[in-house]
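In what follows, structures are represented as structure tokens.
Across the two complexes that follow, subunit A remains constant while its partner is subunit B and subsequently subunit C.
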Partner chain A sequence: MALRKGSRSKLLAVFVLGMMLLFSVRLFQLQILQHDEYVQRSAAEQIRPLTIPAKRGLIYALDGSTPVPLVINQTVYTMFADPVMVTDPDKIVDVINRVAKDNLQPNPEALLSIKNSRYQILGKKLTRRQAEEIKKENLQGVGFQAVTERVYPEGKLAAQTLGFVNAEGLGQYGIEAQYNDALTGKDGLLKSVTDVSGVPLTIGNRNIHKPAKNGDTIVLTIDRNIQSYTEKALVRGLKKAGATNGSVIVIDPQSGKVMAMANFPTYDPANFGHVKSAAVYNNPIIDEPYEPGSDIKTFTVAVGIDKGVILPNSTYNNQDFIKVDDWVIRNATRGHTGNITMQTALNYSLNTGMVTIVERLGDGSHINLQARNTMYGYFHDRFGFGKLTGIELPNEQPGIVIPPTDVQGNAVRYSNMSFGQGMDLTMVQVASAFSTLVNGGVYYTPTIYGGLLHEDGTFMQAPVKQPKTGIITPKTSKLVHKMIHDARAKFYATEDKAGYDIGGKTGTSQTLENGRYVDNQTVATYLGYGGDTMPRYVIMVQASGKGLNLQGNLHALPIFTDISNWLIDYLKLQPKR
Partner chain B sequence: MNARRFVTKRSEDAPYVRRHKPDYQIVLYMGLLMLLGLVVMYAIGPQRANVLNNVFGTDNYDSMYFFMKQILSLGIAVGVFLIVTLVIPFRLFLRYSGKIVMIGFIASALLLLFGNILHVNEIAQCSLGACRWFNIGPFGLQPAELLKFGVLIFSAGFLGTRAKQGLINDWSRTLAPMSLLVGSALVAIVVIQKDMGTGITLGAMVATMLFIAGLSYRFGFALLGVSLAIGTLFIISAPHRMERVLTYFNGDNHSVDVAGDYHIAHAKMAIGSGGLFGVGIGNSIEATGYLPEAVNDSVFAIMGETFGFVGLIAILAIFTGLLLRLLRISDNLVDMRERIVVGGVFGWLAAHVILNIGAMTGLVPLTGITLPLLSFGGTSMVFIAAALGLAFQLSRYTVFGSKIKDDEYENSQRRRGVGRPRYSSRRRSA
Partner chain C sequence: MSYQTTQQLYSSRRRSSLSNTGSGATWNRNQNTVAFVSSMKLGPVAHTILVAMMVVVLGLVYLTQATRATSYDYEARDIDNRIAELTTKKSDLEVENARLTALEAVQKSKVAKAMVAPAATDYAR
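What follows is the complex of A and B.
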């Protein structure tokens, strides 16, 4: 045994030094030569783009002049289970039944036993409190997903005006569709180094942060209280009338601002899927043109006065029928024959009077091209019949007014148009134009977009749209205004509050079925205004129903009266002394 | 206790060497490594705590958790180091080495009983059927480390005695008993506790001791062959070990999407993305949950990310310094048992360092072992501190300057005639 000192430890030292040298070379390779490659590899895994979701803007209505929310956002929770991870299904069923019974999907026991699935939705729309209570139970295999959903503090109020947001987050119908882009805002981007579970870190200088731009909060011109009362009045009136469908628009004749738009039947935007027919999403006031009927006589009278061919007390010989070419037009109300005034013709809604006016626009006895051109110029060009009004809602329909140059635009057509048949108009067209008749001849484009509500709470009103003056002369307006007042006052003065200026005109229109007028179905319309020193509101009511003969005076007018009398109080109008 | 005897005679039959100043470089390297480890714990502790809180859905781990616990572990390790250095002489260790080994085996048996048979999770800490720790207060005690330490002392005494007798290469009197001891320890550690890493370091430690003791190359290669064969068998028998070896043979073509590659791929990403100077303290991203075992076995990779090439080379240099220092102490000790025990400490440490860094750099297959003094706390650190304490204690009895063959020390009478100062350090003799 002659082991020399150091011989073996030197071998070990050489081994250690060799290994360290090997490591150094390897580290040089990894950290210096391949550094860039490893930086890229790490970045590919560590840097993740995260979208910062923009909050969808809210929708407000007005309460007087104060914005109040109609549509807000709320975080709710979808509860799901991973059946593979579930250890105690009985306890899960127990807990979720106790905490969130109403939010559960049917038969959670069965969902939990689907063992070849990793994701089963157990419940939807749980509140934060419910979710936290369930989380406290530490149920293995149960998780939650936060979902932002639209909430409607006013329930079904103004459903067609608002529209809804579908499962993909897209606005559908109404304001939600019209202002989808503005409401959506712009998602922000966070490109960040994240930890292994995707949580962004503030390490390094490779982070990109583009903040989200939240969606605009839109304030409508709709007054919450008027809308609410109008909807209730509509339902009441339709029930009384036995009608199945109806719409009301309330508009401010001094600005064109829509104060209420009500439709029946309606739906609950919070549960927009629960409807029998998608037709209830539509807003007939803007997208369902119809033949409005005799309320159009107010416009015919206005054209006559404005063109100087009649005055309210101009007379004509009423024989309860009038021949236009080879077509005979009769009055619905008979017996007021002889020389009568135009006011009487309007009071009793006599078709012959209106045809007479149109004849006078021509050569006095025929509805010639000149007469038709004049009438078209007023109805289409000035009042905007058969044209889109441009109200800020989607899917507005223009309706149809046939021009005199068209083969169809003959004398018979124009005689019909003088009392509201033979053309398809939307309620928003008629109500907006009617404002012109009573406000001194100014056309205000109807508007429902009141402005923006900033995040600091300031309400920035939308700029006023340029009104069109001189649609009819102020003098004409004054005369027509009085005629409309008188036409109502003649029969219904007692129904209105005393001391106010209320006027209106009924309409009962035949409907077309397969291109033919049918006798067993009429639509009831009432078109009127109310105010003090000047008209403050225009209300147009329409009631209809399949196979129902509805009369303007019996079935639409009471709804007008109901709303009108309430509005006088609500708007705090001063009675005349 | 007789002070003079304590000071001069390390063990009853050890040659007399005058005590001199210990090798403070051991303390210097230790201190540097511990400090570095502490800095890294401070830097990545918050991320690590965050990851754990996320995983367990709790907030039990605050951002200083790892730092504070590392301080505590370091305190215990330093305490053990001081006790071993100052209070317990090597001869006491030698005297009780058999008992230490026995306690190691008993602890392993208790672990088997509580963990694998009775499943008392409050006492035995198990994961995936491998029970490796006892839970004692805030710390775990790993019987395998105790066993390793016991085997170190016992083998040193046994092999030292046999070497003096010139019986190192005697199969029936030396190698067979050693094989029985090491074999039993490996069965307890590798087979029952499924801890391949600790097993390999134990094997490497014993191999170094045999080598220092003068094992013939013939036996050496035979033992190496047998170990490799048994090792291969263990690797093939366990799918996760096989996977790691396959990963290793894949070279650098790792993908983080392959489960087996995940750990080593991230270790290399951490090291590679560190570059020349590293991303700086507190800026490690791999520590936020990408790299598994970031504070323990993978701490070298995190340091590579944090301190870069420069930092890692410095760490390699510190380890090299420490290891060479241990070899030097071993070399200059006169008693075979002392030489062998310090050689064992060297082997133990070297195995940890080389296997850990090799795995992190993708040069050797992954085995879950710690990087001494840098990795987060635990039993391993305490026993390594104890082992280094032993080496430090013995560094006071080195002799320098003469090439004396082993057998010359056998006759203490002869050496007594040579005179005292000759064997102590020159500085002291002045």
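What follows is the complex of A and C.
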């Protein structure tokens, strides 16, 4: 039937056509013009980005040549409750008391009665077994949150070397800070379409799966047995001396590897917040320069021999004092006056002998610029005093060695430096340089980074750092080596195991207060080596305390002797016959 | 659905060909000379229904496969959870092992306490 013009059917057709046109325009707007926006909205609802957390790398030490863990990770659980959802608070308290009493927060009944709160922590650091046992009870309104924490199987061992990880997951102090990036690894990413429960589904072509890269597992050069014995020997020695602070570093003079680094007081890295002062986190061996005292005389003697101005049996006239410009420098030990050898000067730690050596570096009677330049060239440029050693630990301090061109770098300063005053050095600097004196004149950069432990258990050792040869000649080293041995043997031979090559030098240094040396507070130091056919270890000990007069021979030397005699057995050194 | 029955069930092509051509054309060996014609004929409605059914079947096949893929996801999820659980257990055991082999634990062990220092040491060279 044909429609008449103006009929309702025609109007309807026009209306429908118009609506369709309207829909088409709207669809064009939604699907073409606003396509990207709606795709984004859709993705936001359907695709959920999930972070795959990387595991923080572990830290190992050595036991002989076998890596053993010092810092590992453990998953622990925080138990929480929603007081609104809790139906049987008595049962909850009863269960947690039975299963994890030590982890319980104080007064859990009160926590569960806070009905205007939806989250109350009932217990912390529960083990997986404890959490599973509690879960079996099907307690209404109780949940668990997994948390990874650092665990220290060896307790406080090498705490300042290790550092700790703070609540934000950042390494603080020690190796944790130095290698934070390597230990942290890199989180992975999973972007996936999920179902209503949040379970990732493989459907969709916009899924992204980037696996996490776990942090590196670092192996230190520290030997846990040497570290443990050193820490105990230090505590024993300090207690006997009545000292409150002390440090010991043990280095392999043939490689620069740090075998132990002990400090007292120390702290427990698992409870790093429970300390009286944050100063205990520091590692004085690398970050607390001090005037090391008379042990530096071994270096002055080495410079004199290397420059050809003295030999061990060279003599000088000792009057127990020597004048430098307007200052009079006196010996601490008196009575060995007259013509005496440099060996005697070293044995009795005579300041006059050392000042004489520096004078001979110049014109023979004055500590002139040439003498000061020579001494600075050895102390600073060759031995590395006043410079960062580059050991792989944070916050290392360079110390201070005043150059001769400085107005402060005058003759008096350099005369003081010859016997270990007037310059601030770290123990790691001194011990590393001392290795050079006894190992033939080779400087090894001190290192504490031993390498990486791969997931398959293989230990990849770090490449050896290029040593610096010719710091002093091998001939000089041989002579100084013997002088240091004789200096110890003169007084303390009976304390050492027979048949071994042990040597060392005491140091007792005044301390500065308000820019002036005080007499009622001294720091005791002992610097020595031990070995069989060659030096196998260098040990530097320091003991101090507020208002304490500590002597190198009385308070630091016994700690050296204790560690040295034990090391001989531990390293299985054979006596010379 | 409508259909009709044909009276002629088959027809010989040979005969019709011969009659059509009248030229006495020959047939090759094994060549069909009979064309069978179905007795059933489908109308447009039947075709529509068949197409619709095929679409439904294909749809079901697709849905089955898609559901199966999703069920694999849940299985994979369960396996992942199991792996995570076992990894945690392994980690716990490693921690336990480290604690038991720590110096402090070894030194306090009965074996260590029973040890004595050697009275003398000799060295083989």
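Going forward, the second predicted complex is superposed on the first by the 535 of 577 C-alpha atoms of A that agree within 3 Å, B and C clash if a C-alpha of one lies under 4 Å from a C-alpha of the other, contacts with A are read in each partner's own complex, and residues count from 1 in each chain.
In this text, a contact is a pair of C-beta atoms (placed from the backbone, for glycine too) under 8 Å apart; a residue touches a chain by one contact, two chains touch by 3 or more.
Here the structure is a predicted model, which means the values were calculated and not measured.
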Between subunit B (first) and subunit C (second), which, if any, makes contact with A:S42: first, second, both or neither?
first
Is A:M19 contacted by the first partner subunit B, the second partner subunit C, both or neither?
first
By the touch definition at the top of the document, which applies to A:Q370: first (subunit B), second (subunit C), both, or neither?
neither
In the overlaid three-chain picture, which partner chain does A:P200 touch, first (subunit B) or second (subunit C), both, or neither?
second
Which holds for A:S9: it touches subunit B only (first), subunit C only (second), both, or neither?
first
Partner with the higher number of touched subunit A residues, subunit C or subunit B
B
Under the stated touch criterion, which partner chain does A:Q34 make contact with: subunit B (first), subunit C (second), both, or neither?
first
After superposition on chain A, the subunit A residues reached by both subunit B and subunit C are 195, 199, 201, 203
In the complex formed with subunit C, which residues of subunit A make contact?
68-69, 72-75, 127-129, 151, 153-155, 157, 195, 199-203, 224-225, 228, 569, 574-575
What part of subunit A is in contact with subunit B in the complex they form?
1-6, 8-9, 12-13, 16-17, 19-20, 22-24, 26-28, 30-32, 34-35, 37-39, 41-42, 45-46, 193, 195-197, 199, 201, 203-204
Considering the complex alone, what residue numbers of subunit C touch subunit A?
66, 69-70, 72-74, 76-77, 88-89, 91-92, 94-95, 98-99, 101-104, 121, 123, 125
Quick one: which bits of subunit B touch subunit A in the complex? Just the residue numbers, please.
47, 50-51, 54, 163, 166, 168, 208, 211-212, 214, 256, 268-276, 279, 282-286, 288-290, 304, 308-309, 312-313, 316, 319-320, 323-324, 327-328, 330-331, 343, 346, 350, 354, 357-358, 361-363, 403-407
